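The two complexes that follow have chain A in common; it is paired with chain B in the first and with chain C in the second.
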Partner chain A sequence: MALLRPSSRTRRRDANGTRIWTWLMLPGTLWMTGFLIASLVLVAVLAVGTTDELGNPRFGFDLAGIRALADPAYTEVLARSLGYALLTCVICLLIAYPVAYTIALYGGRYKHALIAAIVVPFFANYLVRMYGWSVVLSDDGPVLSALRAIGLADAGTRILNSGFGVVAGLVYGFVVFMIIPLYAALERLDVSLIEAGRDLYGGPVRTFFFVTLPATRQGAAAGLVLVFLPAMGDFVSAQLMGGPDQIMIGNLIQDKFFQGQNWPLGSALTMLLMLVLLVGMLGYLRRTRKDEAEALR
Partner chain B sequence: MTLVRMPSATAPASPTSRTRARRARAHRRPRVLIAVTGLFFALLYLPIAVVALFSFNSQKSLTVFDGFSLRWYRAFVHDDVLIASLGTSLRISLVAMAGSVILGVALALGLVRCRTRLGSLAGLVMLVPLITPEIVTGVASMLLFKGLGVPLSTATVMLAEITFSISYVTVILRSRVAALNPEVEEAAMDLGATRWQAVRLVTLPALLPAVLASAVLIFALVFDDFVLAYFTTGVDPQPLSVRIYSAIRFGVQPTINAVGTLMLAGSIALIALALFIPRLFGRRGGLDILSGK
Partner chain C sequence: MSPEVPPPSRRALLRAGACGLIGAAAGGCGFMPAKKPDTKQLAPVEARVDGDLVYFNWADFVDPSVFKGFEKEYGVKVVQSNFDSMEGMAAKLNAGNRYDIIFPTAKWAQRLARGGRLRRIDHSQLSHSQDIFGAYPYFADPWYDPGSAHTVPFTAYKTGIGWRRDRIGELTDSWRDLWSDRASGKVFLLDDRDEVLGMGALALGLDVSTGDTGDLDRITSLLGTLRPRLRGFSSDSYNNLLNGNALIQQAWSGDMAAMLYQAKDPSVFGFEAPEEGTPINTDCYAIPWNAPHPGTAMLFIDYMLRPENVKKNIEYIGYPMPVAGSEKTYADLVEPFPECMVTQDDLKAGLFFRNGGSAAEDARDTAWTHVKAG
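Our next item is the complex of A and B:
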């Protein structure tokens, strides 16, 4: 019987098949939509909401939160956050490229172990790592002592409580997100391309800029986005390494929800942060799409 | 030792002195690059080493090591508040791990096999937590609970952590599911299994190493997570990382060195274990026939 009518059996199985995959997909998707999408919508709604006399959030339509964003005090913080996050991206790229390059091309059979040795501690407790980093960079910590010993710093040089301290914290916190995509790109890189560059009498510098760098541009672009996203939203680094004069937008948001109790303004700031990040993401997507189009041509 | 590939097939039979010199140069390791990498590793591990070293200090100082002592570990064990927080963190991690692994594995299976429009929509929803910074998800979750009138507590941390861990499980599992050969499931069904039995008895066992690895990883990530817990936790008992945050904001507390060292050691061990699990099962998860290519 089954042999005579295979089609109906297959059809039934296919129908069953799609149904079971949908059913498997549904709980997780509904859960995430319920919690995540709904909560993000709530942030947007509350950004135009109001508070009652007790400070509890009330729904409504009031642009006070949005208008407050134009306050120079907040635009200054936003500009500083952008500056620090972008600087962090650049420094991460400058640090991660040689490290990823060395491991990918000269790591030999220790490649995987070396990358694991970078990735594993990075996913360990962020707070404890930042706390240790702030001790290392403190006024009588090992880094400044070493710099003083070789004459690169004098007794008055400080790292903590400055913008440099915040950026140092952000770099330490997120440089791994630059190393992973760069390493992946460099690992895929065909080394004979570099040799070809050398064979065509390109010096090491010209070979690097005309062969290696273009071939790993997508890895670098992915790394820049992956570092920019968390760096822009971070508030721990500014708190531990920067002090009150170096606050970033994350600190403002935290303050509006915990100390200031101005939830509409906090929500408006959160939306502003999302907007900045969205612009960054879209820029990245356009860039990669253009790259792909060029690659196809 | 070096990875620079020798073009042996194309190289002339007797290389000129020029190419030989160039090859020698290629084989020489670039000292500057290696020095930079060495410095990077030193700075990467220095903060961890400092925290660990001074957790054994007999004095309160973070700059002068005065002598070996377990006094801060003893202080931690006898600190009822910190021990309660440790228990809270462990419970949160276990619940978040169980919840997100169940939902995430199912979602990964569905996303790979389901080629409907709903499937691609679900794929988009799944990406949102990965591209949203933690502070935004923290604020959003807190507002949702407050908006629904749910008082913040350990349970709200669990719910929030599940929500944002599902994506990680799904991302880890998706490539593993895609590597499975669906014909094996078909074969199981030709032998009389129902679709559900085929998934349960054939597909899930093949995914076991990846499922275990993602479970261990999620446990460690949730245990270490601070931002989301900070925004969604109630007053008492707070998760350990929230306690650590309050402590390090107000100056040196050597007990935190001891707690931090234990946490670092624990999560480094767990993350290393997660990387190692697939190898315990052999390269291809133990079931060669199920891997696609």
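Our next item is the complex of A and C:
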């Protein structure tokens, strides 16, 4: 009995400690429940809802919204969005890696200033920046006027309302999400690893592909996810930089909630989009779990 | 609390929360549990100050000096908020937000009035009501609100074609001009379901609000021939024309009038109202049933209808108003684009977008997806 007492006291203290942490998680949990889980539940429930005569959404059980997904128009637009998002990821990686590499390894005491210089423009609203681009790149805008003046473009050249414009908009909008995690990974990278690679007669290219790149692949994976998710659901770039053949799934979803007043179909489309994103997310989680397991071995 | 009871885990809290919400959702059948307004809330009120004015409209749709004058004369404040779409306006109202004065289009005025969401307006309380209802008999008993019992028209406008005269010369006063070879690849349609389907319907001689699947198929295949010539769907009509992205753009008359202020040389632009007919629309004044200060709202309508304020607003926003005596102001304003004018005959032509049943709305929605996504 005398022996048991102290241990039970410690256990109680542990329990109390745990309880405090649990309650401290309450605000975050309530936030997630209220604004994430609840909205998701609403979307899921509305996907089988109906619309009344006045266009207001009603709860109910009707599969019309889900059945409408069979329309090939949606599959086509979804596939296009997937293509744009993947292309955006690749281009972002190609742009971001050299930038992050240079800043992390050669930035010296200007590192933080350089990262700030990259991040600060992104404090301005994405929509406003894209709107700015649509003016700058318009047919009679400064860029094309200048190109025409020096003979690099003719009267028919255009940048806006093309697939190029949309992907460029997406890359511009989300490249910073790739730079930051890559920078973090490269910052943590032990430079002696690179030196070791060189010592083992690896040239700069071989060292990069066999040492640097594998050591920072977690940062790259995080960046790819951070770029892919918003790019896939984006509608602003296609709206402002795209034409009729560049419409993305985000534009259609937005239409369903606004002009169409067809919330059930809009919700069903949202669920479909989330399903696609979930597959990407699961791939990422499996990857990181495997990496963690390897690290522990 | 006894130490044996473990604190709820995060997972358990989430699960409980989600279950509670599903329960709450399944319990009510409406998305927004709407309180039924009682008859007292729908009865007309006297025009007298009963508080500050809570105003809800498109951004920049009233001359700021008119607000200042109203505030000064009646000693009240105007609390402004804006919507960016009719759907956004309806969602805010459904969510229980309270406004004194709102500005629905004809179609939405009908929805709100039918749904018992609008307070009746006693025209005899408005000193200039005869300038509207006497001079424009159409509005004495419009289709969207019998007897204009809940609304007073604010603006009237039409949809036509704006184009760059300097680049492609003259057009032929027809919706088929959108197919013009001279503008191919630089044609924009409004990013608006009703306007685009309505345009197709008028080009084929059908009803602008048709919900018939046969009609809609014909419209979709007609618009399919326009798609390769299109540069995009955009409602930013005057910017597209100004910055040269568009040579031809489906456009609202009011936006074309507003463009006159932006354009260095208006003669390079044109606006036509095609002879097959043009969609007509009206924005209305309306007072929601739950308005906190309906008396002030009545005073505001009265104040806005004074001839000097009508003139100021027309010049500020570029949209014509169906108020006797204001026609010349508008005609002077849109002198380069005379087809922006809305006449009594335009109103009578039955070219408003109307509400359809849910089957018709679904069919229109599907057609719009096919037009837009190709």
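Here is the rule we go by: the second predicted complex is superposed on the first by the 241 of 297 C-alpha atoms of A that agree within 3 Å, B and C clash if a C-alpha of one lies under 4 Å from a C-alpha of the other, contacts with A are read in each partner's own complex, and residues count from 1 in each chain.
Here is the rule we go by: contacts are C-beta pairs under 8 Å (C-beta built on N, C-alpha and C of every residue); 3 or more make two chains touch, one makes a residue touch a chain.
Note that the structure is a prediction, hence the values are computed from the model and not measured.
By the touch criterion stated above, A:D245 is placed in contact with chain C alone, chain B being left untouched. Using the contact criterion defined above for the overlaid structures, shared-chain residue A:D255 touches chain C, although it does not reach chain B.
By the touch criterion defined above, A:G233 lies against chain B but remains apart from chain C after alignment on the C-alpha atoms of chain A.
In the superposed model, A:Y101 makes contact with chain B only, not with chain C.
Legend: residue contacts after superposition of the two complexes on their common chain; A:D71 is shown touching chain C, with no touch to chain B. Taking chain A as the reference chain, the count of touched residues is higher for B when chain B and chain C are set side by side. In the overlay built on the shared chain, the residue A:T270 is in contact with chain B alone; chain C does not reach it. In the superposed model, A:L42 lies in contact with both chain B and chain C.
Within the superposed three-chain model, A:T33 lies in touch with chain B and with chain C [touch as defined at top]. In the superposition on chain A, A:D140 makes contact with both chain B and chain C. Touched by chain B in one complex and by chain C in the other are residues 16, 18, 22-23, 25-26, 29, 32-33, 37-38, 42, 46, 57, 135, 138, 140-141, 239, 257, 263 of chain A.
Contact residues on chain C toward chain A in their complex (touch as defined above): 3, 6-10, 13-14, 17-18, 21-22, 25-26, 28-32, 85, 87-88, 90, 94, 111, 114-115, 186, 191-194, 227, 230-233, 239, 243-245, 355, 357-358, 361-362, 365-366, 368-370, 372-374. Those residues of chain B whose C-beta lies close enough to touch chain A in the complex are 1-5, 7, 22, 26, 29-30, 33-34, 36-37, 40-41, 43-48, 50-51, 54, 62-63, 103-104, 106-107, 109-111, 113-114, 116, 118-119, 121-122, 125-126, 128-129, 131-137, 139-144, 146-147, 159-160, 162-164, 166-167, 170, 189, 195-196, 199, 217, 220-221, 224, 226, 231, 241, 244-245, 248-249, 256, 260, 263-264, 267-268, 271-272, 275. Chain A contributes residues 12, 15-16, 18-19, 22-23, 25-26, 29-30, 32-34, 37-38, 41-42, 45-46, 49-60, 64, 68, 71, 73-74, 76-77, 135, 138-141, 160-161, 239, 242-245, 247, 251-252, 255-263, 265 to its touches with chain C in the complex.
Put simply, chain A touches chain B in their complex at residues 13, 16-18, 20-29, 31-33, 35-40, 42-43, 46, 57, 95, 98-99, 101-108, 116-121, 123-133, 135-136, 138, 140-143, 172, 191-192, 194-195, 198, 229-230, 232-236, 239-240, 250, 253-254, 257, 263, 266-267, 270, 273-274, 277, 281.
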